[in-house]
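Each of the next two complexes has subunit A plus one more chain, namely subunit B in the first and subunit C in the second.
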Partner chain A sequence: MEKSAGKSAKFRLMGKKKRKDLLFAVILLLPTFYILFKTFLFPIYQSLVWSMYKYHMLDGSDVVFVGFSNFTALFKNHDFWTATYFTGYFTVISTVAELVLGLFSALLLNQMFRGRVFFRMIIIIPWAMLTLVNGLLWKWIFQPGNGSFTIILKKIHVLSASENPLWLADAHNIINSVVVADVWKMTPFMTLLLLAGLQAIPSTLYEAAMMDGAGFWKKLWYVTIPQLFPILMIAVVLRTIAAFRVYDILTVFTGDPTTSISYLTFNKAFRYFYLGEASAMAWVSTAIILVFIVLYIRMLKKNSHEV
Partner chain B sequence: MKKGKVLFLLILIFSLLVGCNAAPPTSGKKNEAKSEKLSWNNKKDLKGEEITLLWVNTDGANGPRGKILKEFTKDTGIKVKELAVDYNSLYNKITTAVLSNSADIDLAEMDTIWAGQFMEGGIAYDLADTVPKEVQKKYTQSSLSSVMYKDQLAAVPFFSSTKHFYWNKELLAKAGYNSPPKTWDEFREMSKKLTKNGVYGSAWSWKQAEGLNCDFVSLVYGFGGKFFDEKGAPVFNKGGGLKALQYMVDLTQKDKTVDPASLQWSEDDVKNAFSTGKIAMMTNWEGMYPDLNDPSKSKVVDKTDVGLMPGNGDVKSAAVTGSEGISLMKDSKHKQAALEFLKWMSTKKFQLPLFKNDGMYPTTEGLYDDPDLKAADKTKTVDKVMKQFEYGQNRPNAPGYVEWADILSAEIHEALLGKKSAKVALDTAAKKIKKAIEESK
Partner chain C sequence: MFEPTIEQRSVKNDIATVKRKSSLFKVKSTDLISPFYLWCGLILLALFTLAPFVYLFTSSISKTEELLSGHLVPHSPTLENYYRLFTGNGAAEFIAAMKNSIIVSLGTTVGTLILAIFASYAFSKVMFPFRNSALFTVLAMQLLPSISIIAPLYVMMRNGISIAIPFTNVILFQSPPLLDTVWSLIISYTTFSLPFAIWIMTGYFQTIPKALEEAAIIDGCSRMGSLFRIIIPLAMPGIAATAIFTLLLAWDEFMFASAFTQSFASKTLPIAIREFIGKHNIDWGLMTAGGFIASLPPVLVSVFLYKYIVGGLAGGGVKE
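Presenting the complex of A and B:
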């Protein structure tokens, strides 16, 4: 009570000009708020409401309120768990691989050598490519028989001459193939982020470490990684979220929707138009991502306090 | 103070959200728009109107499909804005436009299996009363039946299509055959002899997608089985259906006469493989022919032929249909002008050039005896392709089919990979589809 009285008093005391400015600011904000509300907030809310309905948009059946049964059905759904497993597998393996490769290529590009600018430039190419184009490219590489992936593996004797695996037929193989294609495309992203972080590390720290007799690995472990940690965390968070939503490259590789949650959700929503179930699925996968993000942010906060 | 502001904002947003009605429309169907009178034989002047057409065109504005649109504008004065996509993006493009209540699209290409969703979901305008009965009779039976859903007309037939049997004459001759197989048993025996020196007896579009279902349907009927019964229940797990999948599994797992890459190929990949001369036989749609005889794209120029799909026992031949139509969107603001296009599409001015340059087969009965068409048929394939149309088998076009098809292709693919037996795979698919039918009631 007291607070609001104080507030209105303050508002009155603001003076005409200030009040006008505030009003003007609110008016300027309104269109943005309206657009955000209509295109962002409302759909999120709407999908929450829809997740409690049986809403089959295109088969002419009745819309029925079903409470939480879309969610309970989802947890019993075998396809959903398969998709969750594959999505998790893809996210972990690809993020770790990109992180390790990205770190080493960033370290490499941080060295002084001839042609450094050239290499820094060309490394962006895979990342700049459209995901679908990347998918088509790798689809050709992954052709059995005469595809270059098979031929190269045979040349370096990973595969024997009689072997001819189908890279894009079985779900496990598909996921591994997608990991390879994704690592190729997204490692540059990691590299760029980490390179920026590396350049912010003062060289005096390395000099001091060298005085103490630290070699390459020790410098990496005791100087680079701790200094780079906040950036590493951000890179990992960004990649995890993006990797968890993997979808477009899979549509090029396979028609099997159980290879990713997004693929499954998309099929439910925009192929069968079971909008209630699709909304429920979207909310569950969002919740999973949120858990990850909260964990990361906590780690990041803890770390920044320590430093 | 700060917390109070945040709380205030949250309450404001929340009350705004609750204030808006977010629940889905309860009637199930969209509110019927007042339908204006449309007339097939329009007298009104429509010059200068612009319609938007969404269809498959991967050859650009100067390809055969792009050119025909210019012809239409020249002829009628109606401008056409073309939204060109590839087949796999078509369905998503249409459905996202529908979800956003967009009236931007006037006409959209429709695959036969979408008819149920188009009508039940209120996407397409029912043309049954607009296209006069005597005009409807002029279309070939197969092309008309593929755009009908119950007694509604979901689209005007765009082209006629089934799968066909293609073979490489040279490879067959080398193995001592001068004619293609008449039955699937013969096919199997021939495949065994043909598979050697890097050549495979056959290649198929058995990627986990609709192409896989299409070949399965051809084989189900080829082995005397049935896909769905009259009541719309799945029966492909019995008799001919089971034999068909067992046959597919035997070809891939036991005989190994199928190019193993088939399990990750779609129709275009099969066509490309066939045109390198390493595949002896394939099944595929029409439209192979300008390309297979084009030296810049093919190594098998004049070495191939097309004919009836093999049968078995009493069945002479059977092939899945893949005819398509063009639908008039229910929300279109230019219905009359769009209808004009559909009418023009059914004439020789449209059908003949697309047959010539795009390998697309006409939808009107009369055109097949047309001397101009016969003259345009340089590879002499019209009669062979036409004959297959008599043995066409439709897939169901109920609204749930898109989901059932995904269930089925997943199970068949498992069986082909050797993870499940043919019987278990088909029984599981039938069970899941029955459940899906039950749930959508």
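Presenting the complex of A and C:
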């Protein structure tokens, strides 16, 4: 902080250089700012405006200002609450599962052993796969009858030969399968993020813990988790933000748009072309995500000051 | 002054730890897990990671009858599904989709890199007011869901993009309607890859010592010259990481593609594969073959350029 204060004083003395710097920065940033303004900030503002209008894109009806009635209609809509429930369910379950599995994978991969690079490389494969193909692959695995999940369960005699459960029968089962697909794809992301954090923990802390006779769980609980906490929190917030937007995988598993807010919003906009209502719904998601973004930025700032 | 985040610091520690560790072979105090449990864990990890991927491949080289009768491993492997994929009914569309995917990903990556390099240089090396606030605004944009801008962007693409002088009616440039063209995808993907590209690259540019650049300027280099001769060559790992993330994002994106594309003039691979799902039955052989082909480029890129991805993940806090 002091350093930057000193710097800005220096810049005040060199007024000409400062002005030249400003001009240079403006020239470098202008294209980016123009594009981001035109295709990002303005559309977000525009969808806020649309959310207060009755706006149907295709039927040629007039665009009418309706105030907050799109929002009140939304909050009375049963489908919206179903979608919110499923989105929340998906976000919590998948984030927790990815956190736990990712932490243990990171602990494994942080140790010294032969072929470590190989193991670290293969875990990136699921993460690199197309999200859509990931969805289709798991849908194939969960097929009744000839899907591999059923076949394997029969081979290890969990299921008898005559049983043939429908794994994707109702919305809850579908969401659970989507959670499995998402966990398979995104746990590597968590692992790599936490691995970077684990490597920064000084070994002296573990040595001290070992002197005190701490075993695996005690080391994990008293050294690893407290030391890793800032990165754990960042990873959780990042995954929450990403999981909240789930859409691709769902469209593969089901035609039912009430399984996520994104799905419902997308259908409202591009199947029925109610842009006003869709914008209202999009803004509900945006507002929820904004809360998490503020949280995330505060954590980042706090970390960079403490270290 | 913008401080490097904890992740950016940990990259440096990471390198130091790896160097220290490789010189030691005895059990270290940081090794929490005993060898027996370690290998149990690793075998489980490898199994759960690889089995579904291998199953995708083995399904794609199986005969349809074998898939229907529930063989996990093909008894008589065949390339029939791949043959059908590239010569059968939907072959022209699938090949067009591959071409579109390649154009869209490369176009997005090149556009993003050019814009982001200049922006990141300004953010990391030039002093100007509100620099930090602008940088955090960019970060916030990186995390906003694409659903918040999709409807206005759709209308913009339908009407064509016009570039006008603000507060006047003077239009400098008016594009034709862009729906169902690769341009609509390149532009919208550039929009949401720019923020994270700027965020990652600013972090990398900041690690380059100021003294290097000052020395170049004393030697008679202009600021632009020092960007191209000093900063860009030294920040290559960061630029590579950004390029990989942008490529993967553009290759993977589904929501915008399904809203903006209608015909095989602009449909990308995820859309083409989505369309394998028929109304009643799914041709799993064809679908797994298409899925495997489409996944191969990103998987190969990630495995071979693994170290850049790890550096970028640690340095940038990428959302996906």
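Here is the rule we go by: the second predicted complex is superposed on the first by the 254 of 307 C-alpha atoms of A that agree within 3 Å, B and C clash if a C-alpha of one lies under 4 Å from a C-alpha of the other, contacts with A are read in each partner's own complex, and residues count from 1 in each chain.
Operating definition for what follows: a residue touches a chain if its C-beta (ideal position, glycine included) is under 8 Å from a C-beta of that chain, and two chains touch if they have at least 3 such contacts.
For clarity, every value in this text was computed on a predicted model and none was experimentally measured.
Under the clash rule set out above, the superposition-derived model of subunit A with subunit B and subunit C contains a clash between the two partners. Contact with neither subunit B nor subunit C is seen for A:Ser162 once the two complexes are overlaid on the shared chain.
When the shared chain is aligned, subunit B comes close enough to touch A:Tyr272, but subunit C does not.
By the document's definition of touching, both partners, subunit B and subunit C, reach A:Met57.
In the superposed model, A:Thr32 makes contact with subunit C only, not with subunit B. Using the contact criterion defined above for the overlaid structures, shared-chain residue A:Asp256 touches subunit B, although it does not reach subunit C. More subunit A residues lie in contact with C than with the other chain of the pair subunit B and subunit C.
Touch criterion met: A:Leu220 reaches subunit C, while subunit B stays clear of it. Once the two complexes are overlaid on the shared chain, A:Ile151 sits against subunit C while remaining clear of subunit B. In the superposition on chain A, contact of A:Gln46 is made with both subunit B and subunit C.
With both structures placed on the common chain, the touch criterion links A:Met129 to subunit C but leaves subunit B unconnected.
In summary, superposing the two complexes on chain A brings one listed stretch of subunit B into steric overlap with subunit C, and the stretch in question is 93-101; the others among 93-101, 111-119, 309-317 or 345-353 show no clashing C-alpha atoms.
Comparing which residues of subunit A touch subunit B with which touch subunit C, the overlap comprises 3, 41-42, 46, 50, 57, 143, 145, 251, 270, 275. Every residue of subunit A that touches subunit B in the complex is listed here, in rising order: 3, 37, 41-42, 45-46, 49-50, 53, 55-63, 142-145, 164, 166-170, 251, 254-258, 267, 270-276. On subunit B, the positions that touch subunit A within their shared complex are 1, 4, 13, 16-17, 20, 22-29, 88, 91-92, 95-96, 99, 116-117, 120-121, 123, 207-210, 259-261, 263-264, 399-400, 402-403, 406, 409-410, 413, 417, 440-441.
Only residues 1, 3-4, 7-8, 11, 18, 21-22, 24-26, 28-29, 31-32, 35-36, 38-44, 46-47, 50, 57, 104-105, 107-108, 110-113, 119-133, 136-138, 140-141, 143, 145-146, 148, 150-152, 184, 188-189, 192-193, 195-197, 199-201, 203, 206-207, 209-210, 216, 219-220, 224, 230-231, 234, 238, 241-242, 244-245, 247-248, 251-252, 261-262, 265-266, 269-270, 275, 278-279, 282-283, 285-286, 289-290, 292-293, 296-297, 300, 303-305, 307 of subunit A touch subunit C when the two sit together in their complex. Those residues of subunit C lying in contact with subunit A across their complex are 1, 3-7, 9-11, 13-14, 17-18, 21, 24-25, 28-35, 38-39, 41-42, 45-46, 48-50, 52-53, 55-56, 59, 67-70, 72, 115-116, 118-119, 121-122, 126-129, 131, 134, 136, 138-141, 143-156, 161, 187-188, 190-192, 194-195, 198, 223, 248, 251-252, 254-255, 258-259, 269-270, 273-274, 276-277, 282, 284, 287-288, 291-292, 294-295, 298-299, 301-303, 306, 309-310, 313-314, 317, 319-320.
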